[in-house]
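What follows is a group of structures, each given as structure tokens.
Same chain, two partners: chain A is paired with chain B first, then with chain C.
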Partner chain A sequence: MSTPTAEVKRKNTGKHTNVPGKPEGWVPAGDLQEVVTLEKMLTLPRETIFMTGSEAARESIRRANVDMAIAYPITPQSETMQQAGYLYDEGYIKDYYRGEEEIGSMSAISGASRAGVRSLTATSGPGLMRGMEAISSWPGARTPLVLLDMCRVINTPLAIQPDNIEISFLLETGMLVMHAENQQDFYDYPLIAFIVSEEVDVTLPCTVSVDGFFVTHARGNVSIVDKKYKIPPRDGWRNAVPSMDNENPPARLSRDAPIQKSNFISYHMHASWQQEVFAAVERSAKYFDKYLGGLIEVVNPGSDEMLIASGAAVSQAREAVRQEGEKGNKIGLIKVKTIRPWPGPQIIEAAKHAKKIFVPEFNQAGWLHKNVTTTLYGHCQAKIYNGPRVFGGMTMPTELILDWLKESRERKE
Partner chain B sequence: MAVKRYNVRMAGLGGQGVVTASHILSNGVVISGAHSSLVPFFGSEKRNAPVESYVRISAEEIYEIGEIIYPNIIMIFHPSVITLGKSYTMPFYTGLKEGGVCVINSGTPINFTPDEKKGLEDMNAKVYYVPCTEIANEVAKTDLATNMGMCGAISAVLGMPDLVSLGGSVKDRFIGKGIVVSGGTAALDSAIEKKFAKKAKLLEANMRTLHATYKYVMDQGWAHPDAKLVDADELVASASGAAV
Partner chain C sequence: MLIQENLYLTRSAPDGEGGQQFLYKVNQYGVSAISRPQEEIAQIHWDVEVIKYRETEAVKFDVCHDTELAEKPLVFHNDSSLNEFLKKAFGYFKELGFLEGMITNDKET
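Up next, the complex of A and B:
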């Protein structure tokens, strides 16, 4: 990561004078922030504030040195991007506009990333589905950017509640996928997502998924760093592939003509390109490991009964662990922070001794369960229960997890 | 109640300020030094549509999120939540834990169906009627302060947050940090502000409503032993300390 020289800083400060709608000599607030490395940002003193998940995301974006934000509103994402709009007004985001719809937004933000600037977009459930055509092309196009994904029901009957089945659609795209548990994660993860996604040996888009309303519209304590700091800007020249050069005509719209023209493409080229994308996903693990303090968090390691969860289900599982603990039962919990890269070796290490494993999830598909069983097959003797699960965006009551534990003990398998 | 943890489910109608009430109660608990979290649940933001909001209150750190399926406190902001079924949760006491409490905004007892009566009896539920809308009309001269009345009443029932912390939360909502509830609420704010020429006046009316229902609950003998009434003028003064 490079920090800007004093020269660059001087050049940048105050360059936006005479901005329409702003007083003479207005200086964007972002230009007055001090650049610190992500390592430093994560260790600076913090103040704890009671705020919603959308506000937590706003505070993260404020410190993320974002050049370009494009999004089309959809509940429950709209509230976060409304907050991002305030940041644009204050000058923390350099450019911001509302897309026409999601195919447009997701295509446009890809263009911004190709041009070499730090790019942010956001969506929810059905919007993600609409944007999927463009989104699936991001990893192969090697476009570092961050997609904030506030999960919402996509299957019928229609609802706006936080069912996270949509994450399953992202898992095989070649994107990096983080799953935030709560408001605090929704502040920390986007900052980490930007830096990891822009690492040269990664150069991939990163989704920060969060379980919609339960986090975005709900309040929780969030510890944040002073707003005078921001992470370093994206260096558009440090990429796995060259950025688009818009300054020197002719602007090259494609990365490499033979790659994008299907009548020239060799299957080998497609294969090696995709293999490289997924190798880059694996290479990102070392960075996530460093900044997240591990791809997984383990509570009560070595327990016979373990819960494996991601996102909001982790919070419910934590409460189940506490209530069982009060009764004298030690239950283990593995929080999976990154779904892609998938922390397979870490999960095997943390779960190989277990006798029973439960995978609480907020979706019908059981995508986390599928990943867990595939990983543990042949490495662990535990009975892996296919649930508990809730559908349609319902919260999983802690009582449901406790019931599954109780029933499994009574069944005496 | 010998419960160290309160799970509060609020149900009301769009426009009554249920979500705002949950923010105010929850923020008040945090100001008082305990832990709280909340989550709203609503469809399109329109008047009279069912609204629910959930507040968790605890002396310990709270992990759980999302709606509360098994509450030990239920707050009903409007009788038609029960009588007309204007609710996401039917019947309204579904999931109520043994010995739970229902605080209902009504001047007169609800004519429960036999099933409802039995449901409440089976769970050994306590039902408290607080005429919050009447008190809001009398004290604040507007039924828009009904949600403040509900906040005052529940704080007395739970014995937390204390009135001054609750008042501080109301101050945060109107003139302090500006709690973001939703876009629709922002539009409503300007309408209310027109009615009350000054925010300070609005704040005072709200404070007096909090005080009146808190006192009502104490007078009925429903208050938690920790509940403590402060002088109404002192409460108003504690909130007007900040710059308007």
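Up next, the complex of A and C:
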């Protein structure tokens, strides 16, 4: 799919002649980009650049054809949305403003999505908690949008260090949740998130979570396509529920009547609506599978000892696998790319032969461990270890994972 | 981007503090360059050590402050200055490997 770029250029050159603060004849950079399908975007030639996770997100947003971005700054998210501000200035994002705080931002971006435009917001830890009332209403309201979530500590004693316990609060909301391992994922995942989120049989918000600082504020190799390309725009009329028609006031402020009739709603209606939301989460799996090349990645399949991890813990697990390999020990690794939809059948298939499973995580709750044990119960004979885990901003040295492996062997478990 | 010549391994910094480690190797010597997370993008830099590998196959090494290249940890604030240092180090390591080989041969004879 491609647009008649020359015609678009001509049309928009006239349209934007008097943009305040811009020279006469200024054309938004987004109008000069060529639209390509996500399938094509993922296979175009790439250039590798050493950049931070925040910069990788910026390059993703540049190619994501975003109509509306609204966010309130919080560490470590601020860096990314500052970068998004540069994109707005250049004309890659059509509209962008700073919300008053997170409840306001998360409510406002929901309104943008309901109006049928491609919508982006971002936050971190305590900001996510503050916006949770609005965020938890997004899936039921069937608002496709992308939330970039740069994880940090949320609990007291307060810290700004990386810790991803906040993901556990998103898991049962009906949102789609992806967990990026590194800067490369933080470039690829948002593009995929927008397209899957807007599929008509999905029509759900999608969070792209990433471990703050470790990824957002550190540099890594990122392969990106030329900035002249962007993914197709959102078709605001292609949803599971109708968009608001803001051009013909008075706009309908609510969705279909049953959703927002408060105490008048029948519990049957609420129950069936929620069932449909979670069914839509499951339906999204086929799209993620297609664009991600599988909901999980398996290293050394069939190993007796396996690590199951998501996010930055995957990188530490990869190094543990490599170091054990130097000693002649084959350790398996399952990288979980999407937390919702949860790749249960894929994990069962990949782990069914394992004898020991370790779940390294950057949080106190062990939400990934809980999901893994629930999934594998009755399907696998492996002993599933409750860790290793670090939290509150603690680091996870590779030695920590290696020590858990070593101790389990010494105890002959 | 750092130069790819003599790049032995790229990995997530194994101490778990975030960032990427690039390991270069020429004979038994090499350079470790780590780029860590910083609060501001402008603060991101390279922490560099000259290293000496303990084993040929495995990635095990000691920090080496005995060469003429560096007697302490080094800091580089951009890729180009580190690339210049790497090129200089590669030449030095080749020469060092040659000289150490001569010493070994002398001892054997």
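Note that in this section the second predicted complex is superposed on the first by the 399 of 413 C-alpha atoms of A that agree within 3 Å, B and C clash if a C-alpha of one lies under 4 Å from a C-alpha of the other, contacts with A are read in each partner's own complex, and residues count from 1 in each chain.
Following the convention adopted for this analysis, contacts are C-beta pairs under 8 Å (C-beta built on N, C-alpha and C of every residue); 3 or more make two chains touch, one makes a residue touch a chain.
On a predicted model such as this, the values are computed, not experimentally measured, just so you know.
Following the overlay on chain A, a clash is recorded for the pair chain B and chain C. When the shared chain is aligned, no partner comes close enough to touch A:356: not chain B, not chain C. In the superposition on chain A, A:326 contacts chain C only, with no contact to chain B.
In the superposition on chain A, A:142 makes contact with neither chain B nor chain C. Of the two partner chains placed by the overlay, neither chain B nor chain C lies in contact with A:152.
In the superposed model, A:114 lies in contact with neither chain B nor chain C. Note on the superposed arrangement: chain C collides with the chain B stretch 63-71, while the other options among 9-17, 63-71, 81-89 or 189-197 stay free of clashes. According to the touch criterion, the shared surface of chain A, contacted by chain B in one complex and chain C in the other, consists of residues 50, 52, 54-55, 79, 162, 182, 213-215, 217-221, 312, 315-316, 318-319, 322, 395-399. On chain C, the positions that touch chain A within their shared complex are 1-2, 10-12, 14-20, 35-39, 41, 44, 57-59, 79. Those residues of chain A whose C-beta lies close enough to touch chain C in the complex are 48-50, 52, 54-55, 79, 162, 182, 213-221, 312, 315-316, 318-319, 322-323, 326-327, 390, 395-400. Considering their complex, residues 50, 52, 54-55, 79, 82-83, 160-162, 182, 211, 213-215, 217-221, 312, 315-316, 318-319, 322, 394-399 of chain A touch chain B.
The touching residues of chain B, counted against chain A in their complex, run 23, 26-27, 30, 35-41, 43, 62-70, 180, 182-183.
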